[in-house]
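In what follows, structures are represented as structure tokens.
Look for chain A in each of the two complexes below; its partner is chain B in the first and chain C in the second.
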Partner chain A sequence: MIKAEELAKKQREISIAEFFTKNRHLLGFDKPTRALLMAVKEACDNSLDACDETNVLPEIYIELKKISEERFVVVVEDNGPGILKQQIPNIFGKLLYGSKFHTLIQNRGQQGIGISAVVLYSQLTTGKPIKVISKISANKPAYYYEIQIDTQKNEPKILREEQREWKREHGTRVEVELDGKYQKGRQSVDEYIKETAIANPHAEFIYIDPNKEKVVYKRVLNEFPKKPKEIRPHPYGIEFGTLLWMLGKTSARSVQAFFINDFSSVGAGTAKEICERAKLNSGKKPRQINHQEAEALLKAIKETKIRAPPTDCLSPITAEVLEKSLKKEFNADFYTTVSRSPSVYRGFPFIIEVGLVYNGELPKEETAKLLRFANRVPLLFQQGACAINEAVLDTNWKPYGMQQSGQNLPVGPLVILVHLCSVWPPFTSEAKDALAHYDEIIKEIKLALQEAGRELGLWIRKNIKAKEQQDRVNLFEKYIPELANSLENLTNKKSNKIQDDLNKILKKGLKDLMENGETKK
Partner chain B sequence: MIKAEELAKKQREISIAEFFTKNRHLLGFDKPTRALLMAVKEACDNSLDACDETNVLPEIYIELKKISEERFVVVVEDNGPGILKQQIPNIFGKLLYGSKFHTLIQNRGQQGIGISAVVLYSQLTTGKPIKVISKISANKPAYYYEIQIDTQKNEPKILREEQREWKREHGTRVEVELDGKYQKGRQSVDEYIKETAIANPHAEFIYIDPNKEKVVYKRVLNEFPKKPKEIRPHPYGIEFGTLLWMLGKTSARSVQAFFINDFSSVGAGTAKEICERAKLNSGKKPRQINHQEAEALLKAIKETKIRAPPTDCLSPITAEVLEKSLKKEFNADFYTTVSRSPSVYRGFPFIIEVGLVYNGELPKEETAKLLRFANRVPLLFQQGACAINEAVLDTNWKPYGMQQSGQNLPVGPLVILVHLCSVWPPFTSEAKDALAHYDEIIKEIKLALQEAGRELGLWIRKNIKAKEQQDRVNLFEKYIPELANSLENLTNKKSNKIQDDLNKILKKGLKDLMENGETKK
Partner chain C sequence: MEKQKSKAKEALVNFGEDIIKQSEKGRNPTINLPVRALSNIVYDTKSKTLKLGNKMAERSFFNVAHAKKFLQTVEVASIIKKELLETGKHSSLRDVFYMAKRTIPGTNINLVDEQTDSDKAIEDLEVISKFSREQLHVNANKNGSVAGKVVIEDAGDVIDWSKLGSGGWSIPSNVEDIKFKKVNAKYIIYMEKAAVWERLHEDKFWYKNNCIIMSSQGQTTRGIRRLLQRLYDEFNLPIYVLVDNDPWGIYIYSVIKYGSIALAHAAERLTIPGVKYIGVSCDDIEKYDLKKHFIKFTDQDEDRLKQISEYDWFKDNKDWQRQFSMMKKNRAKVEIQSLSSRGISFISEKYLPEKIKNKEFLD
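Moving on, here comes the complex of A and B:
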């Protein structure tokens, strides 16, 4: 046989489900502790997204039931809009299926992998299906499903399907059994829920841990966050292949109309300018644009000044709400929050928000705690690989009253929260642990940290440093009578007079110090 | 409308090609310099795999044609077996298509993503198709194709397809145009080809760089490497879901036969033992095994002593060949190589090979250069995240005559080469840059480094240290006449006699030193 024919016999298609089964570490299912967290996280992300999209104040119930040290049942239940019966199998039983991949809008989910990856991992480690119950309105029945994934086809396998009674008006409950391990600490389910509550102050969380202890995170505000709007792509973020593809499928009749309709931030004037620069008739039909002309258009886009993309696709927490949320979660002496104006990377708008919490009661020799968020989702892994971490290390914390040695995290009783909202957070892996190092993003984070840092520095000077000064003054005051007596002996001046003078000097110095602190504000 | 219905309208399937277009950084196409390298790498990996699988001594021609500073045409041509006409479109125009995903055998390729990702990136940045010409034997025609990927369907789009004359008897040539940037240095195409030649001494490489300079890497040996054999999975590496799936599709008639036929390293005795431990009739039909019984089987596997998997699925470079290869590539004073016995992680066999090259002529104050390989492919990125790096840092290099401060790379004129062969190298991402931190792998690398390090230490003591001693002796010798004269003045003994005595002492000390060095070996 010809050698090429031998080789050809083995060629075949690989299903995405097979691919991720074998490479499950790419999705975050590399260790049992992490697998447990991923299950909670993916289910909660979906619940919160669904509630936010349909204006429901989220109420999320999370329970971890311990089967053994190495096996758990994860339950996540929400009061969301529910899922249409016919959509349930695909959403849970098919990877790369979802509503958010093709839309430019701030969302927790992105790739349509999350919850089906949990199902994949559950069936790999326990052979059990996910159990889903969902109801979309009071006058419709609830549907119950048991679903697995046919990994060879990446298609849902329905093991059970029935109508059920369910107490809720609408919502979804998922229950999944998997090999996992429960741990407390920085990368735990407990921490994930706590941080999620901070970033989602409009949501309520009820959490039953494996020891059956109940923790409730009440909502801080009873309003919906601003609902983000979907936007069209910005010309600056477009790549050549995408431009060709868009030209091929647009319904616009002219290149000018194409730019106005299919992109954001382009008006008639800008569209004309792009065409002129590209030496192209702006009335030409998009489908008639050839390769060379498309290249000229792309070049022209880069040379044309186009206004920034609209930012109503973003829903920041806002400085005010974030401060409320931090005050509820941390008992501290000082809080400051910053929500920056929108900025842009690769044509995608984004907003950076920062919060600093200082608690003088806590040990001063520990490293600051960094909380990272993207689209209101806490990032608990790969801190070292994350742009947020780099921005914090790159910031000089000494002027803000913190200790810092070299390019390390500052030392002191400080919590640093950084939140990126974007229509497309640039994650470094499918597991969505860390943000890629885009210069524009790092720069914005640093500016936000500096803004908050200055507030912190002022407060520390006024309160901590001034208090330290006052302590020193008090100490000195004690010695004044003693000192005055000794001076009387040496100078033959009256001890009383000396004592009064010393007291005056001390008071004056302190006053200057305090005023100084004030005027600097 | 009910809210769930609104949401449902947006749900849809995401093609894997769309997914990786948007997430191309996951595949290594994040920067133009790297994109250029990835194109060369993926094409070469395929060429080498195809040659090795069909016993052809590889002859690979690589050319980078510069179109502009930011655009290149990459050409890779081989003398391999060629590709069947009907396979060409899928291999280049469909992600997750390949021959290596489902087989347990040492291969460069793995996931069926590589070359089609290059096509995806090329069409995204330039809109151009890949051009492929392939011929499978002297008496068959060559076929020429121009192929793109329909990203929405993840299917090949054939732009051109024709029979052509081609000088070669068999082989494949690909030509792809893409946005990229050419750079020299550690992470360059030049370095990739050089390192690939080191790890593939049976292959010849002809490389034309963008400045039209030609570099030829001649082959070091004219034999095929040992051809690896495909193996079945080892029971220790099996997960519950996989066991269920295998039970469902086996052609074996009994559980005992299932274990013997479908796994490696299981004989009749071991199969029986597993069944007994699981309290299961070994004659039971695999398809009748229920959930509980399967769980018992998995538990029994873990408790049963099963011999290690066969290792003929691996094709190490071997210590002898690796040394030849290093001698050809590096002009140095000392070479040592180690090829360990096979070891196992998660049921997958693997072999670690190590080479050390010491060149006393080079500056002594620079950090050692680390060359990492997996299945004969150089790993040029993400060194910090790689298990190989960790093993090198964890090794104490001081006993081997190197400087080392803390947990850093050793300092000195040293090249450290580490090669992992495995049927499934555990890469940390689709871009296959770094190996995950499995304890078994790190331990084996450290043992190999220690073995090679001891050889290095001996040589350094004998040659470098002894030479330093000799230099000191020579220096001292110069002063002996002077010293003898002074001593004559002080002691009134004859200068000649003193000089002789001093010389004797010096010689004796040196001899002892040299003998000491010898006996330590």
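Moving on, here comes the complex of A and C:
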């Protein structure tokens, strides 16, 4: 029998960095093609977030340098606000270091794992550090760092640190070498940048691919998107652990004040009602609330009617801008966009935006292309597991003039874009590939798709159906002499007379034939 | 003969005239046809054959979905009437396809794209005219051999089935006009495999046992089915079917006895309710120790067995259901040729004579 002491010897704390070393798939580094994409994505997300927070129109330079078939250097450079010298090591060399985890604001990043996970992956596959240069203003020096992660302690290990000349006024440049594989197609770096440009029409992207081909995605819009506001959590979205943590941390003196100050949508009356339902003195100090009482509070919250959270915290792309962006990216005949009014799931506000692009140069015989976005970030993986996919498949596209067999994507020259913006997009995993299936979200997506679908249907009926209907009539004009000749051969009756009779029927039944595909009986 | 031909022609002409009449009246020309799919196949317990049910389908010319098929049916009718019946010539299904194949002027549409298009039109015309394909002068490929103490007359030639060397007489697709001059046989053995037929032929099985041996390669063609039926009807010869012990073999037997789904409209001319299944049965596997020659079932084999066991005409047949459940338990098939493991002529010297003597048949 193993004694407790012996067992205890074996048990030790596992550092987060060590954990992720063993579970890299959780963060999306499971395949070399994906790893390359993740590096670009995490760096770009940070650049765009930083620019948006400080009202800079983003200008992002991305370069993939091929070292060998399986090794690349990823360079991402932005004109953002730069990073304070003392923060640089922590941002790149410490997992779960971030400004975003404890706030509720519409952001691309969430947990503060992103870029440091890239550093960790690079270190694991090549042993090389990340190279960072950053500058915060024209009259300050630029700082250059080479950083790795101490995986035992989850602390940054600085290999090099120096002041440098840098021509930029402000901005950040990162350079990281890693094992990866470059490919084209739906899940490629190329596609990621293209889609990112669609969802961020205020940004400019310059992309040099491994074959040294340069692609420039020009800015569509010279204004900043509306800046998202940070909001306090809504009681409906709170979980037990978070509630305890907030109770321990609050500066409020009473439970009632705690609810009013630390949550959104709670006034004095509502706060009091929650306390009463929980059979708790509303003047009690938050730090004195024990487990049972906290549980009672959580139950009371669920039973109390609370106003929906404020929704001015969200920054949608907007229908107008999205349409411009789609027009720039796709050469097609028809574009429509919808931006829904805000809605709420689990106390988190969100907005659904949808765009449809049809015909023109889009491939005619393929299934529609679905572009998924969350907070302006393209989702390229796990389409089948995503709530957006479910909503699209669950929509009946036939009334809108599309072919669709069963619960599948419609077939035809169509691009479907769906964007969810929220203070907390419900991802199904840390790799942030797919959105969880909340009924409220699926319902909103479907409503938006239906709204856009109706526009599409109208257009198709007007433009395409008319042509198809004419084709039908033309076809019968060709069939009639054939049938008449066959009948003449069969019966020795004169073909001309038969043709005349058939043409009369065609003329009379034209309208029915065009609309229903058949003349009346 | 001539009379029949002119009647077939008349039926096709009537069909054309009816279409013309409809269009003269300003109506959308429409052909009414019984639905030829499993959903409209009925097992007639009285005649013990598969027949078409009452479900009818309409095919209209002024209908986007039907127009081309409509045109195909009329065009093929005119080809049969003008090129075959009026000239007295016969052609193959493939010939008809090429006669109908052309591009409709001013379009990029072919009147027929594949042979199945013209084949289907011919089947439709069989139903419409109530004449068989052979009577409409369209033949399938010949396929199959026969040997026995039989003398026939075909197209003016006298042929003795006992004097045709190692190949036997090859059965034409149209056997309507054959005259039987002498038939000296007690029964017919029909087998699905040409190789087994060759074995029995080499062993002079038909001579020693005074019978007729007949085979095809795979599915039984219409010509063979019609030949079997004529021998059965005109000479009262019992027919025993010898096939592999698997669902596909059983279906070959089923088609000869009850008719097939594809040709349900021709059931009366082709089915032979009196045929019996001689082997290979699941009991043979036990008796002759054939288990070591099992060939494992594929998923398709298993699905097919399930389908067949649920057919109306097998559903309430206790003997067959017993076979099906044994086969299901074996989850494997046994080929006729596995009998050769007991000696190359075991089948002709022991297996078949014993089975016939003991009347070990499935019905």
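Criterion: the second predicted complex is superposed on the first by the 421 of 521 C-alpha atoms of A that agree within 3 Å, B and C clash if a C-alpha of one lies under 4 Å from a C-alpha of the other, contacts with A are read in each partner's own complex, and residues count from 1 in each chain.
Heads up, the rule we're going with is that contacts are C-beta pairs under 8 Å (C-beta built on N, C-alpha and C of every residue); 3 or more make two chains touch, one makes a residue touch a chain.
A quick note: this is a predicted structure, and the numbers were derived from the prediction, not measured.
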item: Which superposed partner A:115 touches (first chain B, second chain C, both, neither); value: neither
item: Greater residue coverage of chain A in the superposed arrangement, chain B or chain C; value: B
item: Partner chain(s) touched by A:19 [first = chain B, second = chain C, both, neither]; value: first
item: Partner chain in contact with A:491 - chain B first, chain C second, else both or neither; value: second
item: First (chain B), second (chain C), both or neither touched by A:81; value: first
item: Which of chain B and chain C A:449 touches, first, second, both or neither; value: neither
item: Partner chain(s) touched by A:475 [first = chain B, second = chain C, both, neither]; value: second
item: Doubly contacted residues of chain A, that is, touched by chain B and again by chain C; value: none
item: Of chain A, residues touching chain C in the complex; value: 472, 475-476, 478-479, 481-483, 486-487, 489-491, 493, 498, 501-502, 504-506, 508-509, 513, 517-521
item: Chain A-touching residues of chain C, taken from the complex the two chains share; value: 12-13, 15-17, 19-20, 23-24, 26-29, 60-65, 67-68, 70-71, 74-75, 77-78, 81-82, 104-107, 109, 111
item: Chain A partner contacts - residues on chain B that touch it in the complex; value: 2-8, 10-16, 18-19, 21-23, 25-26, 30, 50, 53-54, 56, 81-84, 86-87, 90-91, 94, 96-103, 111-112, 123-127, 136-137, 140, 151, 170, 239-242, 244-245, 291, 294-295, 385, 424, 426, 428-430, 436
